[in-house]
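Letters A, B, C, D and E name the chains as they come in the text, with residue numbers starting at 1 for each one.
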Amino acid sequence: MMTDPSLVVQAAWLVPALPLLSAALIAAFGRRLPWHGAEIGLLAILASLGLSAAIAWETFTTVDPAPYEAAFAWSPLGGGFVLELGMLVDGLTAMMFLLVTLVSTMVQVYSREYMHGEARFTYYYAMLSLFTFSMLFLVISNNTLQAVVGWELVGLCSFLLIGFYWEEKSNQDAANKAFLTTKFGDVGLIVGVIVLSAGMFGLTDTPFNFLETIDAAVAGQLSTSTIVLGMLLIFLGCVSKSGQMPLHVWLPDAMAGPTPVSALIHAATMVTAGVFLLARLFPVLAQSATVMAVIAVVGVITLFFGGLLALVQDDIKKILAYSTISQLGYMVAAIGVGGYTASIFHLFTHGFFKALLFLGAGSLIHAVHSNNISAMGGMRRFMPHTFWTFTVGSLALAGFPLTAGFFSKDEILIAGDLWALNGLATGTAVYWVGLAAAFVTTFYMARAWFLIFFGEHRGAPHDDTHDDGHDEVAHGGHHAEPHESGRQITVPLMILAVLSLTAGLIGSPFAQERPNFESWTSTPVIEETTYPFLAEFATAGVGVSAAEKGPSAKILHGPPSWHPDLLLIVLGVFGGAVGLAWRFYGRGLPERDPMLQMGGLTRVLVNKYGFDDAGYRYVVVPVRDRMSAWATRISNDVIDGAVAGVGTATKRMAQTTYTAVDQRIIDGGVNGAAFSAAWWSARLRRIQSGDVQRYAGALVAGVILLVLAFVAVR
Amino acid sequence: MAIDFLAVGPEIALAVTALVVLAADLSLRGDAKQLVNPLAAVGTLVALLLVARLWGEERTTFGGTFVVDTFALTFKALFLVVLLAVLGISWRFFAEGRYFQGEYYFLLVTAFIGMLLMPSARDLLVLFVALETVSVPAFVMVGLRKRDLYSSEAALKFFLIGVLSVALMLLGMSFVYGFTGATGLDAVAGAIGGLVAADTVEPLLLAAVLLVVVGFGFKISAVPFHFWAPDTYAGAPMPVTAMLAVASKAAGFAGLAIVSFIAFQPLAGVWAPILGAVAVITMTVGNLGALQQRDLIRLLAFSSVAQAGYILLPFGVARGGTGALDVAVNTAAFRSVLLYLVAYAVMNIGAFGVAIGVSRRTGLRAIGDYAGLGARSPLLAGAMTVFLLSLGGAPLTVGLWAKFAILEALTVDVTTFGLVLAGALVINSVIAFFYYLKVIRLMWMVEPAADAPALQPGFNLSVVVAGLAAVTLLLGVLPGLVTDTTSVVTFAAVR
Amino acid sequence: MDPNTAGWVLIAALALPLVGAALMLLLPKDDEVRIKRFAVLVTGVAFALVAAMTAAFDYGRSGELQFVTDVAWIDAINARFHLGIDGISLPLFFLSYLLPLLSAIYTTKHLPEPGKPKAFLGLMLLLQTGMAGTFVAFDLILFFIFFELVLVPMFFMIGMWGGPRRDYASVKFFLYTLFGSIFMLVSFLAVYFQSGLRSWDIVELSNASMIGSTTFQTWAFLGMFLGFAIKVPMWPFHTWLPDAHTEAPTVGSVLLAGVLLKIGTYGFIRIALPILPGGAERFAPVIGVLAVIGIIYGSLCCLAQTDIKRLIAFSSVGHMGFVMLGIAAMNEAGIQAALFGNIAHGVITGMLFFLAGSLHERYHTRDMHVIGGGMLMKIPRYGVLLTYVAVASLGLPGLAGFWGEFGAMWAAISPGFGLADRYGGLYLALVVFAAIGTVLTAGYFLWMLQRVNLGRPTEKWAGAELDDVLRIEWVAWTPLLVLVLALGVFPRLVFGVQDAAVSVLLRTMGG
Amino acid sequence: MTGLDVAFLVVALITAAAAIRTVTSTNLVHAALFLAVTLAGIAGVFLVLSADFLALVQLVVYVGAVAVLFLFGLMLTRAPIGREALDSEHRGLALGVSATLFVLLSGLIIAAFGDVRVDVVDGPRTADLGLALFRDWVLPFEVLSMLLLAALVGAIVLSRREDGESGQVEDVTPILLADDPDDPDAGDVALPAGEGAEEVDA
Amino acid sequence: MSLVGPLLLATLLFSVGVYGIIARRNAVLVLISVELMLNAVNINLVAFQNLLFPAEAAASGQLFALFIIGVAAAEVGVGLAIVFNLFRNRASVDVDRVDAMRW
């Protein structure tokens, strides 16, 4: 525990509380206010931002910070177990607070112009506030279950915002897809949390608590199976939420939401929740080689193949979406190779430059009324502010030296390299694939950059139906030419551009002295985390001193350092990619996009590796259409059939429509019994023939039978 | 040897009543003949008072062939109350139908003399005579609608099956006599007990036991002796049907209980499972038969067959031994029969009463004719609903407690066979609700036909029906009123 | 009122609806307005009484019976008139007074065809006594009476005021439940005799040492299982439920889902488990498997529905599956979760049925294809409510639905009574499949919302005049809407009340 | 084989033969007469068994009264004559049932009493019978008298010629039987399940 | 004297009676068959009484037979009355045609 936590830290709960309050206030009174509720949202988020900044400063400057935890019993859960509602404030929390509130602030400012005139403007702001609350609630949580609550709320807000334009079926579908795909991952998360908490039974009354779980794991009190099963399941949740393959499919579709929403939710905050959770539980997953390996492999696959997909996109938001997937892959892969700091450092910087790119894209879209880069071109003339900010963002994303993205991505590559030096192949993969993907990243960003800002303006098609139509604000009047957006859009762009350039510095080799990013986000637990499995793999390696070898090794991170060789390589990659892109696109959009001329590769990419299709064809359709029909059929033919007897149950087996099937329920069950009862009764009544002599005969025959029975019983 | 006249007081009172009724009938003319009904009612009340006077006593007379104990008195009280109810629902029916009122009441009262005798009889010969005293007047009463084909047919069937059953029963009695040399039930039990102890029970004796049961099987309309019941119930004048379905059946059960639990108790190990099986078959056949009916009376007839099955169930767990548990099981079985009969009498007479109320003037008795009865006569429909729910065993009606008692008897000692019987009861209760609910649904949930005639149940009938409905509900809430009474009846008292 | 002595309050609360029903008979048949107001008055007074009880309840001793009445009733069989209330009963008891009040309010505006408010409301009051009684009866016979008593009014409610296939549905409902309940009675009797106590007292039997052999316990439990599982309803005994719900009038559905189904799970927890722990232990894996099948199966069936009310009905199968999963866990957390799930389902699904009923009032159809979407545009407030409740129903954290579901899964990971050692793998699989069930649940609710709420109104409805939420509906629904949120945010409202009682219960089971 | 056995055998054979003819005779009057012979034969059996009083009663009540009653009955109902007319189609059933019954019971009887032989046949004397009747059996005796009275009254009521006490036929409310047995659908009350099934078909 | 003889005769008569009840069409003949059965029982009773229990003070067997004779007489009376009434209604006494009520 932090000794004498300052007042700001103690008040950290206000950071999520304010947006919640504002959401409620906007919902209640927003419509009647002059800015239709935006002012409440802005006030609240600015207050949260201020507080976050204070907390960040507090934690940043504190030497050797220990987490501050405060909680009260939310509810008893039975069996003496207690669920806490609490907060855990450490560097990681503070970093996330800062990122979330900052991007959220930018987006809220930006949206006032961008969403101007929307019918559901108030609702939009309420949802933004609610989302911000949910994300912060997740971040501040001191236990897994509370995090799950925030996690699911985030998902709901995402659903509501993706489906913001719910008049269109495609948007509804996108929202449903996002919710259900992430919900599927949540199965893993929830079961994982349950498994993990079950491991804590007998150790504590608060089995969901993060710190206690971490302590128990580090102390070896959790069984290997608990850790492996629990963490892999939790990772499944992260896979879906953070858009890792193969559950990334919802993320590109989620671009159906308004662009600022994409910037906030699908670039900077919500999608990083998975990475955040992995980071939060990092000491736990560090206990298992399997878990680390799985995470690394999934990350590597995602960072490369996700990036490839961006090559063939025409929709600027989709390019950014796939880029996000790829970058999230970097973060996840970094976690998998022990790059705790590298991962969240990239999370931090990526939040800024990706938000910048999305907002910039929004600005462009706002101007040309189309998402398609083929409809843009030459935009640097019309929109200078957008141009330079977008350029900054692209450079950061591409990892151009000295931008934020450069430092954070390098950290990841270095982490992979160090991991590899310990004899783990995943490290090698992260390093080399990471480099390859950096080339891809640079190339597609350069492609987009050339196509958007250079060459001739190709103009928006006048036929609005050509658009996907979901992102456009119905402006009155015809725009002859695109023009620069207003200040409420450009100012956030500029702020973010500055941050994209400078945010990396605190984690860069320029900041080798404490405090820097590493010292900020690490806690003693993290620093002392060891990899019990590493000994098996350990060979002589850089970064791990001989003294640290043995049964376990210190976590693979430390103060950032210079790697001149890597700098050269990166520069080379950057130059090569930009050069290639200039060759293809430097003179505007070629008649035949070379990216679409790669034969089989293009087809595979355009088909998105078939994941979407497969997901729909092999999961959704079978479940929604076929399995439900089967279930109803089972209900009738099997369950009720068993009761009703074969005769009645099989009568109309062929009918498969629901109603027909349902009637089998009716024929089954008690009524099935009744049917057979009726059947029997129809037969039995023939005995009641009305002929008294038959009665007499039956009577005597019955007596004879009974006599025989009597004698037999005897 | 002095005769204890007080012990046979109720019977004598009824006999006198019968003769007075006959004499009055001969001397009255025209509408004045109606007066025999209250006359009979007065006589019944006197008999009831005598029963009340005897309550709690144990008397034996006629050389041990006639016993008065709580068991017998409970039955007698039941019969007399049923007689009152039957008189109530008969009055208008016979007065307006211009049947042979005087003779009817005479025959009715005579039949009840036989019934009163039944639970007191401790001798096969007396039982036989009592049984015939119930049957012979009943044969005639069933045929009282002389010009009605159905009535004649009903009488013929009833008569033939009845006589056949009695012949079989007599054959059995003769063999029992041959084995034991006695007709007194205790003596028979003693002799059989000796044979059982010596393990020299001849198969013929078992056959004889079964044959004796046959006669009662006819009275209680157990399968396969039930064939007459639907046809006879349908053809007979309705009050007679009510009498047959309730009183006559109760008398049969009284006789069966005495014979089985006293005379043949040592052989219970043999007859109990058979009777249990018969019970299951009976209720199943009854319920399945009822499912198909479109005539309410026939439906009630089959329902009463099923009810007979329920009442027979406790016989299925009877024990031949004399250990504490055996006695407990037998006592519970015995009591449950009694309790069920009381409940059954209340609800079934009520149901027939409503049926009479609906069809007396109109002649309508198809189930379809009950459509919308709730709108036409809420009281009749409400009462009918109560009775039908009770017959099915719904809560807050006496029917539930009746079934409860049966189940209780079956589970005093948890045996597989007992559970099988209980399971059969459960399933049959559900089937039974099918047709009870069918009627209830028709009454409340269907609009009445436009040309549905107005109903005039009449004062007496209304009082009887309302009273029975009230009793059904009252006992449903406070079953203690009966259970506490019947709990006095112990197996030892029967012994 | 002192909860230690004031047994009369409980009796008064039970008797009030009955008395009200009787008094209502005296009102003139044609004066519909007065009849409806009178019903509101009766249910309102009864609710006020119960609210006062809730306030006076000694939460420090929620594990003990309070407001006890224990007098002789049927001496011949030792049955006693034993009423009382503890932490387990209280929330359900409260619910069974709240929902009828709201139903009565709702009925003042929406009286189902063919009218006859006197009969309708009278039956509802009768039903209320039956429902409430089951939760406070501590004598098996008394419990059985209340348990059965519910059938008749509900039968008539469905049969007289129901939809086109009401005849069928009402009979099916009646017979199914009856079937199980008689088996249950057989088990009660077997327990009565086998225990040697000659007592029907639930507390006494619960505290008794193991009754009979394990075989006996298994069989006796089977009987109770049939009775309660049909009521719950558990897969595969659920087939009466969709029909009953679909055909029942709105109020009937609300009470059916809101309270009636709870009787089954309550019975498991209050009677079957503590009295027959041995049987329960043997049955627990079976219950668990059936519960999870129910979860998956119910959700799949929901996906196939086009009738919105039927969809909600099938969703009950799934939700009650979670409740049963909690029971199958056989530990405190599981029982807690089951009871919470009970309440939450009652509130949420009750509300959903209100909404479905009002939907029918407006569109005169419940077919989602016919409605065709755009409700959020046409009647936005109504659409928002539907979304809110649907989201609650799919188990979103922060709303009532979550805690029961999560709690059940959480409890099932480490079932009590040594089940973890013998069936640990099975239970883990159950948890996983139950979790998958939550996805399916989300799926059908989202698809439902998509089909009903989203998009633009079809031509058929574009020009139609449809009322948004009426004032009377606001009045009737607000308590439920608030409860949905309150239970989600403050789960201890229920968990806390039950905690001690559940501990006591588990102790009596010897677990 | 004693003389008694021989005597019994003779009487028994006659009785049995007459009994069989009673139920197989194609002539009504013959059947009634064979009945009389059977009943007389039974009286003979009683004599052989030395139940003199019963034999006498048998002769007086049965042969003297009942058989004659049956003859009157046959005359009054003007029944046709001939096998087809006298026997129903249940002959096979009847034969099967009665033969089985006979075989079964005979077997049981022989098993039970096959070895019982009594040398001296001597029943209670008539005076003892009277004494027992009024000492031990007075209750059933009195009840029997009520029964006979009831039978008498009943028989008179049923066979009296007039219709109802007022002689008016039309006042009798006819029974409307709901079950018309000739209607093939009678009794097939539609079950709810059936209704449901029809809806699907539609 | 052997006891089996009378018993077998009784059984035969009884079975013949059963045959008659089921096979005979004419109602009067059916009644006649009933009489056969009742008489068969009497033979049984008398045989048991006089061969096995001659000394029984209550003379149950013989008196039972006596009662049966009495009751049989009553039944014949009622039975014939029913048959007459049926005959008046249908102009036939064929038992197997009396099946207006069934099922």
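Simple rule for what comes next: contacts are C-beta pairs under 8 Å (C-beta built on N, C-alpha and C of every residue); 3 or more make two chains touch, one makes a residue touch a chain.
Bear in mind the structure is a predicted one, so any value in this text is a computation, not a measurement.
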item: Per Cα centroids, the chain farthest from subunit B; value: A
item: Two chains sharing the most C-beta contacts; value: D-E
item: CA centroid of subunit D to CA centroid of subunit E, Å; value: 3
item: Approximate Å spacing (C-alpha centroids) for the pair subunit B, subunit D; value: 25
item: Euclidean distance of C-alpha centroids - subunit A vs subunit E, Å; value: 94
item: Averaged-CA centre spacing for the pair subunit B and subunit A, given as whole angstrom; value: 76
item: Junction residues of subunit B, two or more chains touched; value: 63, 125, 128-129, 132, 136, 139-140, 143, 146-148, 150, 155-157, 160, 164, 178, 203, 207, 230-231, 234-235, 291-292, 427, 430, 434, 438
item: Interface hub residues of subunit C, defined as touching at least two other chains; value: 167-168, 171-172, 175, 179
item: Shared interface positions of subunit D, touching two or more other chains; value: 88, 90, 93-94, 97-98, 101, 104-105, 108-109, 113, 136-137, 140, 144, 147, 150-151, 154-155, 157-158, 177, 179, 181, 186-188, 191-193, 196, 199
item: Footprint of subunit A on subunit D - complex, ascending; value: 88, 90, 93-94, 97-98, 100-101, 104, 108, 181, 187-188, 191-194, 196-197, 199-200
item: Complex contact set, residues of subunit A against subunit B; value: 670, 673-674, 677-678, 680-682, 684-685, 687-688, 690, 692, 695-696, 698-703, 706-707, 709-711, 713-714
item: Touch list for subunit D against partner subunit B, complex; value: 104-105, 108-109, 111-113, 135-140, 143-144, 146-147, 149-151, 153-155, 157-158, 163-166, 168-169, 171-179, 186-189, 191
item: Touching residues (chain side subunit D, partner subunit E) in the complex; value: 2, 4-5, 8-9, 12, 15-16, 19-20, 22-23, 28, 31-32, 35, 38-39, 42, 45-46, 49-51, 53-54, 57-58, 61-62, 65-66, 69-70, 73-74, 76-77, 79, 85-91, 93-95, 97-99, 101-102, 105-106, 109-110, 113-114, 116-119, 121-124, 128-129, 132-133, 136-137, 140, 144, 147-148, 150-152, 154-159, 177, 179, 181, 186-187
item: Complex contact set, residues of subunit E against subunit D; value: 1-9, 11-29, 31-33, 35-36, 39, 42-43, 46-47, 49-52, 54, 56-59, 62-63, 65-67, 69-78, 80-85, 87, 93-96, 99-103
